[in-house]
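One chain, chain A, links the two complexes that follow: it is found with chain B in the first and with chain C in the second.
Right, the complex of A and B next:
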């Protein structure tokens, strides 16, 4: 599969009174054609900023550099603002976390959905209305004409998120970036929206970047998972590799904090400490002070990236050959056993 | 809608009745009245006569009844301190000048304020934004009195371009005496510049940093379209809805501007009436101002509903 998006060494810095904020620190990420890539990390780890940098919608004062920022065959960095506007909405689309604040409160949703076609494909009048209604129907909302005539606050949370998805998909983009699209919804609605995204993905041959802080909800939808911490990707691999052969202590922490539906007596784990202050570029591993497995070197030098398979990369000193033997938490060891058992059967991908 | 207007009308009448009564009794409760100063030295019999002529000799409750009944017929009575003046003549002779000055201030101040506010928001964090911020802070924090005095001494005194104070007696209230209105217009208008520049800048920044503007960008709208379709209307909401009150307050005269520049407007006249304890005029002004503001607030509510679909004030 070819890469539809390629990001190499992306850095984003925001000016701030207390000194620059290093929000994204050398992110490497690729999205393969037709896959769903989950981008997972605690709030503030730079997930949104990464995708906003890709679309070129960061505030003007943000400083963005990258060795590569590619969509299909186009180098996004070399495109003019005008060419970028042509790509946004029609090729790369974004769905936000909170549809209430992401929709214009004083414009009817039908008009908001239609804007994409109006300006990209110059559709007007009856044709535009028909296209909008068809798209509203496609996201499983009844009575499209009525929905189109509503203002955002007149819809329910689930309806609003469907409207957002309709708005993102009406331009028939190739890539959909869903930025925590279910965080503001209750569990039943979450499941419905996930199903909807999956269905649309199949139907329209979309490639999806699914952003979330909750590893739990990506288990069923992600082909690959990238774990982000303090502006860096610390581990990336196939869903199998991340869920059953995780290597980074931060990934372990995230996995342990996901409630396990099979096991009701399980002690839910919460990662100790708080994410680092992004004003500082720490000398060693930014995760060191929260890492029970931290070595002396973790406070001294940036960890190297270790490649474990064609798809699995980990940025941690633990995988350095010089690192003394260590035992991951029991819960993780269990996962490893599952992984090895699967590997033996030869059923893993 | 008709029901809403009717309900508001009833509320208006009740409010006005309460306000009028409160004003009346508060005035009655304070010792002394409009006649005490001029009748102090008179012999008792003469004083009684003067009091009888104006009806001020009657008991409070009876006076209250008469005042309220007359008011119902739109008659606030004749001024005691300034014989011959009624609310009707006050509105005809004093209000136009105040209204004109107020409108001039608003027409000068608000557009400039909106322009500066837009520039400050669009060029956020540049020298332009900073100067606008500093100037509007200055204008809002320096007491208007000092500002007015500075204007008088520089443009009126040093440069001698405009009269410092006063009003040419007998000139047309709406069209005459332009040079006399310049300094009062500046002095009152500067405040509007500051207020509206800040108001618009803040609301534009709010809107520009909102998620829905980001959404509009991700849809591939050009910068101009984003502003026209998504920023303008939302940023204008606080401006549009604050206009009625601003305009209403401006046309009813600024006591401050009229006093400093010695403009014979309604603001100054009201202060005079207050010092003179001129009950009919005070009552008339209070009730009319109250009515104006209540109506203005109603208009503001209607405007809110018109510009912001989230606001439904009157669900049936």
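Right, the complex of A and C next:
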């Protein structure tokens, strides 16, 4: 599969009263044609900033540098503002967490969809009305004419998110960036929106970047997963590699903090400590002070990236050949057993 | 047999909107045993929060009765209402909106102490506030800082400290973790669990996320369109759901396991064929379903 997006050594710095904030620190990431890549991490880990840098929609005072920022065969950094706007508007589409703040509250939903259709397809009159209704129907909303006549606040959260997805897809984009699109929804609605995104992806041959902190959703939707921590990607691999053969202690922590409804533990697992202050350029591994597996070197030198397969990369000193033997948590060992069983079946990818 | 701190009997809360009668809560009855956690789950608009507000005596009641320690809220004297206001506290979903942005954290936490004349003097109150901060895992210098200096998880800790300040008996926790990262959710749930053990508190935990409710609740109430469709001990409701709506809710919970997710079948809830009115019937010990 060819790469539709290539990001090399992306750095994003924001000015701040207390000194610069190093929000993204050397991110390398590619999106393959037709895949769903999940970008996972806690608030402030740089997930949204990474994609906003790609789209060129960061605040003006943000300092963005990259060795490569490529969409298909075009270097996004060398494009004029006008050409970039054209690509953003049609090729790369963004769906936000909160559709209520992304939609115009004073304009009927049909009119808002119509504006986008006018821009992309130059439709008018009856044809425009028919096209608006068709777009609403395409995201599985019943009674399109009624939905079109409503204001955003008159729709439910799930309906609004469907309208947002419909609007994002009108320009027939090649890439859909979904930034926590289900976080504000109930589980049943969440499942429906995930299904809708999957269906639209197939129908329109989309490549998807899905931003979330919820590993349950990732397991449902992702082909590949990139785990971000403090502005860096600390582990990336196929969904099976991340869920059944995770190597970075931060990935272990994230997996362990998902509650298990089959298990009646008194206390839920939590990562100790708090994420680092992004004003500091960290010496060593930024995760070191929260990492029960940290070695002395974690506090002194930046960890190397180890490649475990064609798709699996980990940035941790644990995988250095000189590291003494260690045992991951029991919960993670269980996941590794699943991975070995999958490998035996020959279906681990 | 544990004593019930609250008994809710045939509670209804109706609103009028554009000449339509909305039955936000419709003939709801359940009990909250002292020292336990009752989890209330259901989709947005199912009546969870309206029920919570009625129980905390900050929302309206159309009909029915709420008993606190055996006494009806509607028969409270002024003095009893005053005491009730101290004993029952709420923690809200959005830690950003729930705190006054212009007020130092210490002032926010200390308000309740002043209102209820707890703490002999200013110095005693300050000591109490620092103790509360420590209890919820915040540094003592938080007392002089403003809410915007804190992360979402830390703000929720501030909200919990504020609720605990007046030594309550009961907390209504209205989606206290929905706005937080998964890793922070676990920290807050653990904190609430520990505080409950230490202070023998009773909780009502309102949520739409079933996986976390499972961890903190002794019993579960499932609401749909203002009605309780199922209620019972947590393990029974989770492992042996009876109502189609509960089954649908549980089937949609995502698991951090791609193999499970690939094979899972989401049960769609069909409100046209399911029983959504009638009376709760006890199917097994303490486990009731609408029938």
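One rule holds for everything that comes next: the second predicted complex is superposed on the first by the 339 of 349 C-alpha atoms of A that agree within 3 Å, B and C clash if a C-alpha of one lies under 4 Å from a C-alpha of the other, contacts with A are read in each partner's own complex, and residues count from 1 in each chain.
Note that in this section a residue touches a chain if its C-beta (ideal position, glycine included) is under 8 Å from a C-beta of that chain, and two chains touch if they have at least 3 such contacts.
Since this is a predicted model, take the numbers as computed values, not measurements.
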item: Room on chain A for both chain B and chain C (clash or fit); value: fit
item: Degrees between the directions from chain A toward chain B and toward chain C, using C-alpha centres, nearest 10; value: 60
item: First, second, both or neither for A:57, with chain B first and chain C second; value: first
item: Chain B versus chain C as contact partner of A:215, first or second or both or neither; value: second
item: Which superposed partner A:3 touches (first chain B, second chain C, both, neither); value: neither
item: First, second, both or neither for A:191, with chain B first and chain C second; value: second
item: First, second, both or neither for A:90, with chain B first and chain C second; value: first
item: First (chain B), second (chain C), both or neither touched by A:156; value: second
item: After superposition on chain A, the shortest CA separation from chain B to chain C (Å); value: 5
item: Shared chain A surface residues [contacts with chain B and with chain C]; value: none
item: Chain A to chain B touching residues, read off their complex; value: 52, 55, 57, 61, 81-82, 85-90, 92-94, 96, 98, 101-107, 115-116, 119-120, 151, 153, 164, 167, 171
item: Of all residues in chain C, those that touch chain A in their complex; value: 43-44, 151-152, 181-187, 189-190, 193, 208-212, 214-215, 235, 238, 248-249, 252-261, 266, 269
item: Of chain B, residues touching chain A in the complex; value: 125, 210-212, 214-223, 225, 229-230, 233-234, 237, 307-310
item: Residue numbers on chain A that touch chain C, as the complex places them; value: 42-44, 156-157, 186-191, 213-220, 222, 239-240, 243-244, 253-255, 257-259, 261, 264-271, 274, 338
